[in-house]
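Following this line, the structures themselves.
Shared between the two complexes below is subunit A, which has subunit B as its partner in the first and subunit C in the second.
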Partner chain A sequence: MSARTVPPSGLKPTWSSIFETGLGARAYPYLMVLPAVVIVLGVVVYPVLSGIMTAFYDVTLRSLNSGDMDFVGLRNFERVFADPNFVRALQNTVVWVILNVVAQLGLGLALALLLHRAMPGIGFFRSGILVPWVVPSVVAVLTWRWMYDPSVGIVNELLVKLGVIDAYHPWLGDTATSLYAVTVESIWKGTPFVMLLLLAALQLVPKSILEAASMDGASRWKKLWYVILPQIRVSFAIAAVLTFILTVNNFNAIWLMTEGGPLNSSEILFTLAYKYGFKRFDLGLASAVATMLFVGLVVATTVYLKLIQAREED
Partner chain B sequence: MTAAIFSHDSRSSAATGIAAHNRSKALRKILTYAALWIAFVWAVFPFYWMIATSLRAKDEIFQRPPSLVPHTVTIQNYIDLLVGAQFWRFAMNSLLLTASVTLVSVLISVTAGYAMARHRFKGSVVLPLFMLYGQMFPPVLLLIPFYAQLRLLGWLDSLWGLIPVYLSYMLPLCVWLMRGFFSQVPHSLEDAARMDGCTRWQAFWKVILPMAKPGIVAVATWVMIHSWNEFLYASTFILSEKNRTLPLGLSGLIGQYTTDWGVLMAGGVITALPILLVFFFLQKHLVSGVGGGAVKG
Partner chain C sequence: MNVRSILKGGAAAAVLALGLGSSPAFADNIVMWVNAALANGPDAPLYEELKAFQAATGHTVEVQAVPPIEMEQKLFVALSGGAGPDVMTLDIAWVAGLADAGLLADITEKAGPIASQYQPGPYSSGLFEQKQYALPLYTNNVALLVNDRMLADAGIQKAPATWQEFHDAAVAMTNKEKQTYGVSFGGNRMGAFQLYSFIWQNGGDIIDAEGKSHVADPASVEAVDFLAKLYTESKAMPDSVLTAGNWDEVHAPFVQERAGMVVTGDWALAAVAKANPDLKFSVHPLPAGKQAATVIGGFDLAIKANTSVPEASFELVKWLSGERSIALMRKYNRLSALKKAATPEAIAALPPNMQPFMQQAAAGRARPVVAAWTQMHTDVFANAWDSVIRGKPAKEAMAEADAAIKNLLEK
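Let's look at the complex of A and B:
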């Protein structure tokens, strides 16, 4: 690069000539990234570090005002573990994550395989199936809340008509069904994105391999299992990790349908931390839960980045 | 396909084999379309239901059992929604916030993404990865420090206070995506411009930026959509009704005892409309952008 950066002496000099040689040239890339780095340090790195620190202090609204916070070591974590609501939220989070990830990946793969073929009208189906991804999350959640309405909800009506249930059921108001009812919405909303990722991967599978498999007499299922899936495994894993991260961080669905209730039956760690922080204003306790989530997500993100690198090397 | 026929049915007699194959092929086609229709209805039905509810009269909304198709169509819910000043105010707030966040994040991520894609400097490998990490941090961990900071600065309950908060949520990924787009613009063009006497900055401004325009549009759209839809931060940091954004305004329509679902669904339709329009105009850019960057939706 530097060999070519002789200052263009014959041309009219402009203010930007100072970046052509010497210190200016060396500082140029740093100046270009500087604003972004400063902002990210300020609005991401600093808050994360200060959030983790808060987990080891006793912080309430009052101590926030006065400014003196007591260092309490692992006390916040002990209090969290002693809370039966935390145990419940942890169990729910595991159920919530497993159901979402398995269903979204399974349905996403099925849809991608269905849509990955030249058929008349496929564009129409593809656009329609992407609708849940495009509808704003708050709008989608509130619509589902309305559809689940215990007295006039269409979900109840349809299920009664189909003979699945005998009478209207308060899906979001029953401790036995609330978490699963929210999960259905979340699967509905999340599947199209998984489908998109997998569809992009399917389009990269070389046709020649599939034809070779057909020549050798492989059945459809064998082709899927032995040819297609191994080819898209990295994209599949990336989709799995992304779905995991998005599901753990999915606040809107639970908060706007049930607020974690009734009786904590649909509480996940995210909403529990939120309640600790902004209902009880025990910010230390909230940070303790958030820090645990953070560690889990960092592990998942690391796996994700490794997978992306693996894909780039493929 | 012919290869499949022969290998599949080589043992049976050719004629019956082909007939059976055609039958199973037709059957498979029917099954495929059936599956596509089921998926389609499943995906679109809630959206349909939102529109259908927004067009019903009040007494019909609470009629039991609900009917799939509205008996009478009325725009009364939309009139009720738009006559009050509140909704316009929410829409203006959302618009202002979305426009500012988009402008700031695009301006800042454009130069950073370019520098990371094109120049080698200390951190040119680590920084992009770091940006991707930044995107994955759980918002719930950031909420509390943000709350404390905004309180300290007196920016709680202010739309301006939300701008830095939204940047934390948007900027890292913008930089990551921009870097991806800039690395696709061929080096040779920039070199040619430099040979012709452009300064670095001129080459960037006059040659590279126009080339990277589709990528920039995709990133800007992505930021717009996410700022427009954001709920968690806004609902935590905005306290007074006059500063609410559209998603907050919508959730505020949920009453403690009764909810006017017709008006709420009308608001949902209007909130979703700009996003749907943007999406269907830019579908190609967005899908390739998100697929290429392989990032969250």
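Let's look at the complex of A and C:
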């Protein structure tokens, strides 16, 4: 006996009736998500796999043009590790990520707590604090570049007037300060996003818990540590992971301010991969760095989320 | 075959015949990428020139403007993928890399008969491993821009013409209290580009015709040392030398009248005049060392290796780089690379501020046309310059640069 529904007498069967019962009904949801799956496979999975594959081949413009690409095993990784700039970039990336993540989370939380109050004009301050996040990153970076100008920059002017420094300093031109100067811009740009996430989480903390804690005589610090932070830990974890990923991938800030210089003093892995790929056109080498970055990001993110999950289960 | 299909076929044939009949035989469509400065609006002189080309040949040209800062990368990526333009304008420094990757058409045979019409320096910029891959669209070089007021205030009567005069003028215009400096210079690759002329002027070299590196030769080291000490010892350069990564930043102290001189090319004239219309400045040939020399820049025209319209593309390249380029480039305040553009009469016809550039054209030297030049320039020389202005001895920095260049040449 056929599984197909019998159309009411007088009505012609339609295409849609195929998906109402039996195999058609089971296949229906898969068919619906198929276009999305195909697109994701095409624009996410394939490029990632292709990038990883490229790391094991000698891919330069010449080989790309001739189509004659040799499999070189781990040779690209060996070359990357032999490059002193890679070691420098790796160290810088660690410093860059730690400073950014810690500062953005700390400042973001402080601002969220500050703005999570009922006071006149709080809407204005909440909107105002988002300005750095709203400004296009290229505009922000170029503005900061001029602010750091060693001759006419406002940063030097302010610091001299405040008595912090005696004379103007080339913040972006000094190998000792270039990475930290860019980090300040990155923190300024990224903190409002963290603040927004944490402020939204704070709005969801039940007032009754806070009132109960107050009645029990908990200090502000204890309320923050034992009541508020546990309540917003999921949002905090998400903010931490997102900040980590966005910082590692924050190419614009470094590239537009210093291009990784001077003398590689602000080079991070992302800018190094870009230089390998689009300045030297050694795509095998660039893919090796990108693959290491990808694996590092996946491992770090997974470990962090597992730790949060484990704590939640405890 | 029914009547309707016969009529359809007849109509299609008629349309095809009409289409062919309305344009000259073998009319092709040429896709052309140009640096955006040449196609900055619908009234850009290039479009008028292309109309004349189209009227004369029947070929059509589809222009796509690309910002110069992105152009090298876009060309490499597009051409490697088999896409990209049929004809392209490209910085003379990119020719070797693209030719080495097999992305440019070899035009040696076609260019041979017309080679003698170009100035030798710009023409050689299209030559890689004994084959011609490009013809010069326009040429430029670097000269010395001098703030006339600052020079006079420093008690100097004429613009420096020798290294000693250049040094003395730079020191004389430097005033720590007023925060004025003698000369504005670039950092990293900008500074590297500016110092090549001085290496050649001192009798040094970068890479010779046999492909041998000379950057650690005493003459090359001495030139780098001379420039670096203007900053490290004489403090005659502003701190922007540590960070200036584009021409705007190199020009800024000169435009703001904080630096009395700047080593730059003809592209600076309009930018400086626009940024500070009140600035009184003059242009002079670079102060000569043991000999006169200036680094040649400019853009070439090249054809994609596997273009489907090679003949039409070469016609376009020949047209734009030919005799009409003198008038065309004048409209852009740029210099044609034809020999005819460098005759005394042609130089006299140029605006006064453009004349010094063409007067020193004979002393122009092209940068080495080697495949890894971009990397040598941006990684090796840029880092060497950054090192010496931060105190590293020039001999040491140039020895390291020499080793790096030899390594790249071996590859």
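Please note the rule applied: the second predicted complex is superposed on the first by the 266 of 314 C-alpha atoms of A that agree within 3 Å, B and C clash if a C-alpha of one lies under 4 Å from a C-alpha of the other, contacts with A are read in each partner's own complex, and residues count from 1 in each chain.
Methods note: contacts are C-beta pairs under 8 Å (C-beta built on N, C-alpha and C of every residue); 3 or more make two chains touch, one makes a residue touch a chain.
Everything quoted here is computed from the prediction, not taken from an experiment.
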Room on subunit A for both subunit B and subunit C (clash or fit): clash
Partner chain in contact with A:Val184 - subunit B first, subunit C second, else both or neither: neither
First (subunit B), second (subunit C), both or neither touched by A:Arg62: second
Contacts of A:Val139 with subunit B and subunit C, given as first, second, both or neither: first
Subunit B versus subunit C as contact partner of A:Ser151, first or second or both or neither: both
Which superposed partner A:Gly261 touches (first subunit B, second subunit C, both, neither): second
Contacts of A:Phe278 with subunit B and subunit C, given as first, second, both or neither: both
First, second, both or neither for A:Val40, with subunit B first and subunit C second: first
Subunit B or subunit C, by number of subunit A residues touched: B
Partner chain(s) touched by A:Glu20 [first = subunit B, second = subunit C, both, neither]: first
Shared subunit A contacts, counted only where both subunit B and subunit C touch the same residue: 64, 149, 151-152, 278
Residue numbers on subunit B that touch subunit A, as the complex places them: 1, 3-4, 7-8, 32-33, 35-36, 39-40, 42-44, 46-47, 49-50, 53, 61-66, 68, 108-109, 111-112, 114-116, 119-121, 123-124, 127, 129-134, 136-149, 151, 164-165, 167-168, 171-172, 175, 191, 194-195, 197, 199-202, 228-229, 231-232, 236, 247, 250-251, 254, 261, 264-265, 268, 271-272, 275-276, 279-280, 283, 287, 290-291, 294-297
Subunit C residues within the subunit A interface of the complex: 73, 76-77, 79-80, 97, 100-103, 179, 187-188, 238-240, 242-243, 245, 253, 256, 258, 374-375, 378-379, 383, 386-387, 390
In the complex, subunit A residues that touch subunit B: 4-5, 8, 10-11, 14, 16-17, 19-20, 25, 28-30, 32-33, 35-37, 39-40, 42-48, 50-52, 54, 64, 110-111, 114-115, 119, 125, 127-140, 142-147, 149, 151-154, 157, 160, 188, 192-193, 196-197, 200, 211, 214-217, 235, 238, 242, 245-246, 248-249, 251-252, 255-256, 270, 273-274, 277-278, 283, 286-287, 289-291, 293-294, 297-298, 300-301, 304-305, 308, 311
Residue numbers on subunit A that touch subunit C, as the complex places them: 60-62, 64-66, 149-152, 168, 170, 172-175, 259, 261-264, 278-281
